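My questions all concern the structure below.
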């Protein structure tokens, strides 16, 4: 079992979740490559040093370029805000490092394509962190669909609902500034729905829909007496068509009062259906039309059995896992891809494909028509 | 308590449900007008006579024109297939009868408008039978929204999911023939979602979306060896905007494997949210942002309390009612409207408004753009 | 299709529910015997006459003895308070009438046994109205268990939870007076749990447990300033053993704040499990151990399919029924038993058996030991 | 922030869970004492060394006496099988070490009392690992009850349901051998229910009930052709009374087909109710009688808000945690108790009290009567 050295750039919410994944993956799994938590990077020296100690990184650094240049680093993890993804990822690729990047991959389709070109040219392992693919229940749904258990897919119904912008006095953070965030709700959480749609159903070919910004200015985080414009979408809703003939709806919002992390999808096929909700992430609902008529119904599968994806590594049946575990699974699969030289998934190519759908929804909403991808 | 004589035209599924409502309404409620189940009309004499005896009608008739002409009839109930709604409703109005008509009101917007013109000219009480408004949980949602409990409405998310066309060998019934049915899934069950959207959120101003027909020909009911084309939509999905600024999604399908009568909506407002599912029609989910942070959550209200709409007439708390009761409530409210001379609701005007949305969705889907109503 | 004349004694809550069943049964079912709603009996002439008109009875009477003596009456329905069950039932049997009696059958085991002796001697059709056996989901559970689908039964877990006595100012009604009601919560709703246990699992052989009266005096209904003692149990809890080796728990209370009609059971067998809750009476949860490990889970069966008990008579799949329908099914099965001369079920023998369990729980609670039946 | 050295004895299922807690606690919390994972103890040198590396312990040892004697160890964690708890705990106490012991504390009440005497004499911090107290939803329930939100408690209804013994070919492991395990289902999982009952409602004063062993011999783990007797209970059911007047039911079984880790309780008070199920451990159901009649219902609180116990240390609202986190919370609270010199909870005294209830249930079941504690 050989070891690779990881550098993580960003130590906020996502950096904390990724750190946990690197710390836990070798304890519960036995990846062919063991990650060494080498360097944590950030802009504020005191803070990054504190975070490095707290999360278990060997070193702290305030210069990501320097870190990328180090020959002892094999994997760069980009958990920064969206406006630095491209620069860091391209530099990492050019330095021959494997790279995993938080979603959405980029602030625009063009930017995402440049990132993809860089990793292709460099032929480095690359991954975009759509961690929800690795919820065991989602992976189980993917397996069932792959095995044909649902038959021909007719419908995808995906929503990602949160409510943290309902309060008009919530501050105008960087996430609400297009220059910094690239996209709003559509990018931040809508991208997850799109990624799941692609992962589970297939490519999207046509979109129509709307974006909306309900509250158009908000107080600045540092100065509540000054208001600044909200330049991203608060909510997005789309009707989409898939290459395989399925019809879909996609919605993302930060104004669904009471919904905290309601990343829910339902998929209807000619032979069965599945439904998933991240707020009950240890469960998958499954309906099989082949069950006898008198005893048909949606089964609530508690996805904690050794027969389920990733679960053998954790606890006995009935012992649930949490949100953070999806990152551990993601990192595990990334390490396996690096060890075997096979492509990681979702790759930057997937990231570009998702970005293309987001871009099409934005264009469709602006032009008020359907857009074919 | 005076009495009115009712004639019901149609004795199939809907005729049976309406008959039950007339039979039950005076037992459980005390309407100002008591309905007398006078005449049941249909095309097949033996069958309509049998149905009349079975459901408790005084007489049977095979000539609806004759029945409408009778001076002793005050209320005409149209529970026939869509292709006869207009003719009967207009004749009834011209004869000065109150009229209640099954949904969707007509086969086209133009037809619906002619029906509206007729009842307006005749100044007769008129109602379109969107019975789900009268599920107590839905009426409770309506009351809460009206009282401002949810604050400003941001989102409507409505789906009506069934699965009875999943099987490709299911016959090409009249419901799948545009000439007879007027519309497909969008009209049959999508109209309910649109009616609920309008009832709960308000007028829809813009739509975009798609219709689809997944299985384009099916065996004839009488001759399984011959296939006939399906000329209506199997599924419809739309993104809509409301006059009050809310963003909505509307979906209806007969291909949602495992969903039998999944007429579900969720509404998010700035102060709270509600969710309803017809398959659990005695329940309303309610979230109030004003609850203390530690004890906030969606409440599952068992809508069987005397404090809830219509319930006092039935049973003590916790004793649920069924689907059929929505018709009894509808008829009760119609009788009250007739007694007091106030407009019934939803009226033919509502029926036209719903038809206008359906029409706009069809045009938007065909033209692949947004349509403003 | 011949007709029988029914006399119903009692026009309060239960009388109303039974009236509805007689009115509806011939409309939706085609029983071999059609019930004619002949006489409604009660003690207050004005009220019983009003109720007779309201519910659709031909006549009203204030003398049940007189009614029982009438040769044109074939079926006596006893929906009175518990203190008159025995007298009426015995008189009815002696007059050769079929009899259906509300639960619990009697105020004591001895009384119940006298009633059973009377119907046995008279050889009349007899039934105790444990209507929940006829919830389609319960009957489906019964069928599945009968077919061996659950294997050997290991556990029964039954609770009937209500909350209408939580408020200490709720009046001391007749139901809280042992002389009138015979029993308290154990008899009123605990008897339903025991009946379901016997119906689904089999005979109970041993019991232990406790009764409790939390609030020992309450204001009189007519005079809130005077308090009277509560002489029945507020709550009952028992551990029971079944003849087939299963272990059970039974609980009934009127102090389960928030539970309105929570008649819930779960049964675990060696091959599967079922769970039911009256508050969601159109659903049955079923788990089958034989399902493949990856897709095992409790199925929520929407018990509204033609393949389900009683449903063909009502509406298409997904169209739910309500609490009142359980009475219609009960009456239907009673009429079929009368028509065919086969024993009705649950019979007075079942009523006695249930009473024996209640009696044993009371004795066990008093003596603080196990009681073998 | 000073550091303490921990020795963990046992590296199987529980050892793994405890290791994870020590590894994670300082990353997410900032305990006043930081645990250093010093020594992992076990009987098989190769295995314990492998586990020590895997879980992150500095050293491995096969001699727990030796480890206890080391002056550099401050905390002994006992995660062994039940037959060694007493010996190790007493030795640890005598050596002046703080001690945390897995549940059930001992194989008998007498043994538990000796353990309690030892920690009392030695005045060392002591804790029994009933980790479910530290599920945030359970702690929230505890807080609400403590604040009087539920009013006077009337009912406790606790079940712990698993199904891993349903298959008769499941082996006769040490857990089914009374000599090794001390107790069966009652001790293994029933003890959790009793601990939660005591934590949430208060002391139990009287018990009655039954134990059962459904399958009385099973194949040996090493030799499937030889059967050995099962000498512990498979299932336990009890009715209990609490000092505060509440009535309770307690049930534990390994034969509830389909229930994997169904540790569920419901508590009804005069003002409200709560319900919890470990299989959905991020949720608490709460009913408040004080809500207006029209909008009352059980709220499903997603217990992932900063306002909820322990959550601030983890992730933003809506990001769930898993089973393992309950151990991290337990260890955190233990460390705080050690740092401040306050008693840990649940202490060995709690362990003895729980054991006393288990003992009473066993005696009541054997003698077939109520036992007063």
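Every chain is named by a letter (A, B, C and D) in the order it is written, and numbering of its residues begins at 1.
Operating definition for what follows: contacts are C-beta pairs under 8 Å (C-beta built on N, C-alpha and C of every residue); 3 or more make two chains touch, one makes a residue touch a chain.
Source: prediction; values computed, not measured.
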Both-way neighbours, i.e. chains that touch subunit D and touch subunit C: A, B
Identity of the chain that, by mean CA position, is farthest from subunit A: C
Centroid spacing, where centroids are CA-atom means, of subunit A and subunit C in whole angstrom: 54
Centre distance in Å when subunit A and subunit D are each reduced to the mean of their C-alpha atoms: 36
Computed distance of Cα centres, subunit B from subunit A, in Å: 41
Residue numbers of subunit B (touch at least two other chains): 259, 296-298, 302
Residue ranges of subunit C in contact with subunit A within the complex: 140, 143-144, 283-284, 286, 288, 291-302, 305-308
List of subunit D residues in touch with subunit C within their complex: 150, 154-155, 157, 159, 161, 163, 166, 208-210, 212, 214, 235, 237-239, 241, 245, 247-249, 251, 253, 255-259, 266, 268-273, 287, 289, 296-298, 368-370
Touching residues on subunit B, where the partner in the complex is subunit C: 13, 17, 19-20, 23, 26-27, 54-56, 162, 164, 259-262, 278-282, 302, 304, 314-325
